[in-house]
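What follows is a set of structures to go through.
In the two complexes below, subunit A is the common chain; its partner is subunit B in one and subunit C in the other.
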Partner chain A sequence: MASTIRVRATSSGDTTEVQALIQHPMDSGYVKDAKGELIPPHFIQELTFEYDGKAVFTADWGPAVSKDPYVKFAFKGGKKGDDLKISWVDNKGQSDTTTAKIQ
Partner chain B sequence: MRTTQSGFPATRRLILQGAGMVALVGLGNLPFGLTPAFAANDKYPEDAFKAKSDADAIKSLYGKTAEPSDKVKLDAPEIAENGAVVPISVSSSLADVTSISILVADNPNALAASYKIPAGTLPSVANRLKMAKTTNVIAIVEAGGKLYSATKEVKVTVGGCGG
Partner chain C sequence: MRSAIHLASAALALAALAFTAAPSAAAETPDPTADAKAFQNYFTQKFPKLKLEDFVNGPYSMNEDMHKQWEEKEQFPPYDFSLDLGKEMFSKPFKNGKSYADCFPNGGIGIRQDYPIFDQKEGKVVTLELALNRCREANGEAPFSYVKDEMAALTAYMAFTSRGKPFDIKIPNDPRALEAYQNGKRYFYTRRGQLNFSCASCHVQNPGERIRAEILAPALGILNAMPIYRSEWGGMGTISRRFTTCNSQIRGVPLDPQADEYRDLEYYLSYVSNGLPISGPGARP
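Let's look at the complex of A and B:
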């Protein structure tokens, strides 16, 4: 299966800007389906970005984060061609990991 | 055939085993009871995300209250046409920022997202959140062990949390 994570990491000067888009339903547990039954909560709880073996950014998310979440941040350092590792875990224990090259 | 010797030793062994189990279970429980206090910094803050009000969530997450500061910049639209996708970004000119959290006051659970900012990462984050109705969005920035906040009301024409 293709990765659920799409990342663009761009190095300019001494900082690297990271934008990530993840495919995930992010069901809050408050929304009903067509039959009027509640869709159980299903959302990403933790998202981590690692560079050079260290976490450069960690997100703790609740169900109020929009479907197919997007996040943007920047960190100092990071060279073109280096790897950035991204992983998430949701409330059902599902997870995904990918590695992106800094551009 | 040792097992057929007599019923008595077997029962005794069972009782001893049972006692051992109880002791092990008892020991096993102890660390669980203690973890939340110690691991609050790297574990997922379940309680804070379950808190209903913004004040409770902030208290659960940081254990203190925030003071409003103009050094916390909260970017959110005046009017969000679609409450399911509200672009919100937070940045700060404060030094030593260690975390940024975003809360939506009148959502069923106020805390929406909490970001850890290690040294070397810029104190700026953008994301998209769901909003149930018109309410205040609160940005919390933890810097140098203190909490600073910025608040902005966002009008929502179509809620993003109901059916």
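Let's look at the complex of A and C:
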């Protein structure tokens, strides 16, 4: 199974711009399926980007975030060729992690 | 219905100033080549700033703001996951050891622009989605739903391998092929549903205009980008999904996916976009 996380991080010297796309159903728990049954909540609760062992971006997400969420942000620092670690944990305890090289 | 065609052809004539033949004669002897030319002229005159190949980006080519959104979106396209799934599925053999590649010319790679084809043995139009499910059934696999998920993933991969290749739909010298084309054209211009809209009402008369918050896509090049990730759907959809939801949105009763009428419609609509490059899979708001 391919990773659920797509990342692109580009350094422009002082700052690093990060874009990420995550594959996740992000079910809010308020939507019914075709049979009229509630789809149980299933959403990412925490998303973390780590650089050099330090969190540079943490998101506390809830049921209001859309399916297959997309994130874009920039942080100070970050060198070309360095690793950026991305991980998420959802309300069912499932998680995924990937590491991307800063370009 | 006849009057709708006349109206449309009158508009085309006005726009193109190129209709020397009497419209009634044109209506009696179908001339797909002239149709396609008039159809493309209509859109290029309506949107003089656009190049022909820009039309495959639908609403994203309609104004600068939308174009910027499209460029940003393409950096991280939402159809990416589906495309990967499609690639994986395409290369995975069936239980009998054969694969999709065995069902298609050139192993299924770079052939999207040739579909739909007119199958002279069957005497009907065969779309890519139909061919894919027939391939599955011939190899003892259950067919997929036509509207999304696996079918969208497979067609996304097949479109991706054909990107940039111009639509090359052929109408063989067979009266049944011409009839299928005519039926598709008739379907396209016929009003239906409680709202009494034809396909053309939105996608020929009003592309670039808003319908609620959405910008309507031009009919020219609309199939080149299929399948699409539609943000509104929160997922991928095929041509079948587009046709059926269009029909329910005008409060009509949609036909079954891959009904003869939809096959003919896809044939017509693809034919008049001949020469425009495949850009699928696409992303739409």
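Just so it is clear, the second predicted complex is superposed on the first by the 103 of 103 C-alpha atoms of A that agree within 3 Å, B and C clash if a C-alpha of one lies under 4 Å from a C-alpha of the other, contacts with A are read in each partner's own complex, and residues count from 1 in each chain.
As a working rule, contacts are C-beta pairs under 8 Å (C-beta built on N, C-alpha and C of every residue); 3 or more make two chains touch, one makes a residue touch a chain.
Everything numeric here is computed off the predicted structure, so don't read it as measured data.
When the shared chain is aligned, subunit B and subunit C each come close enough to touch A:Tyr70.
By the touch criterion stated above, A:Gln45 is placed in contact with subunit B alone, subunit C being left untouched. By the touch criterion stated above, A:Asp14 is placed in contact with neither subunit B nor subunit C.
In the superposition on chain A, A:Arg6 contacts subunit C only, with no contact to subunit B. More subunit A residues lie in contact with B than with the other chain of the pair subunit B and subunit C. In the superposition on chain A, no contact is made by A:Glu37 with either subunit B or subunit C. Touch criterion met: A:Gly62 reaches subunit B, while subunit C stays clear of it. For the contact definition in use here, the residues of subunit A common to its subunit B contact set and its subunit C contact set are 66-67, 70.
Subunit A contributes residues 2, 6, 8, 19, 21, 23, 66-68, 70 to its touches with subunit C in the complex. Contacts from subunit C toward subunit A in the complex involve residues 75-76, 78, 80-81, 84, 88, 234-235. Residues 15, 26, 28, 30-32, 36, 45-46, 54-67, 69-77 of subunit A are the ones touching subunit B in the complex. Looking at the complex, you find that subunit B touches subunit A at residues 44-45, 49, 84-86, 89, 104, 107-109, 111-118, 120-122, 124-131, 160-163.
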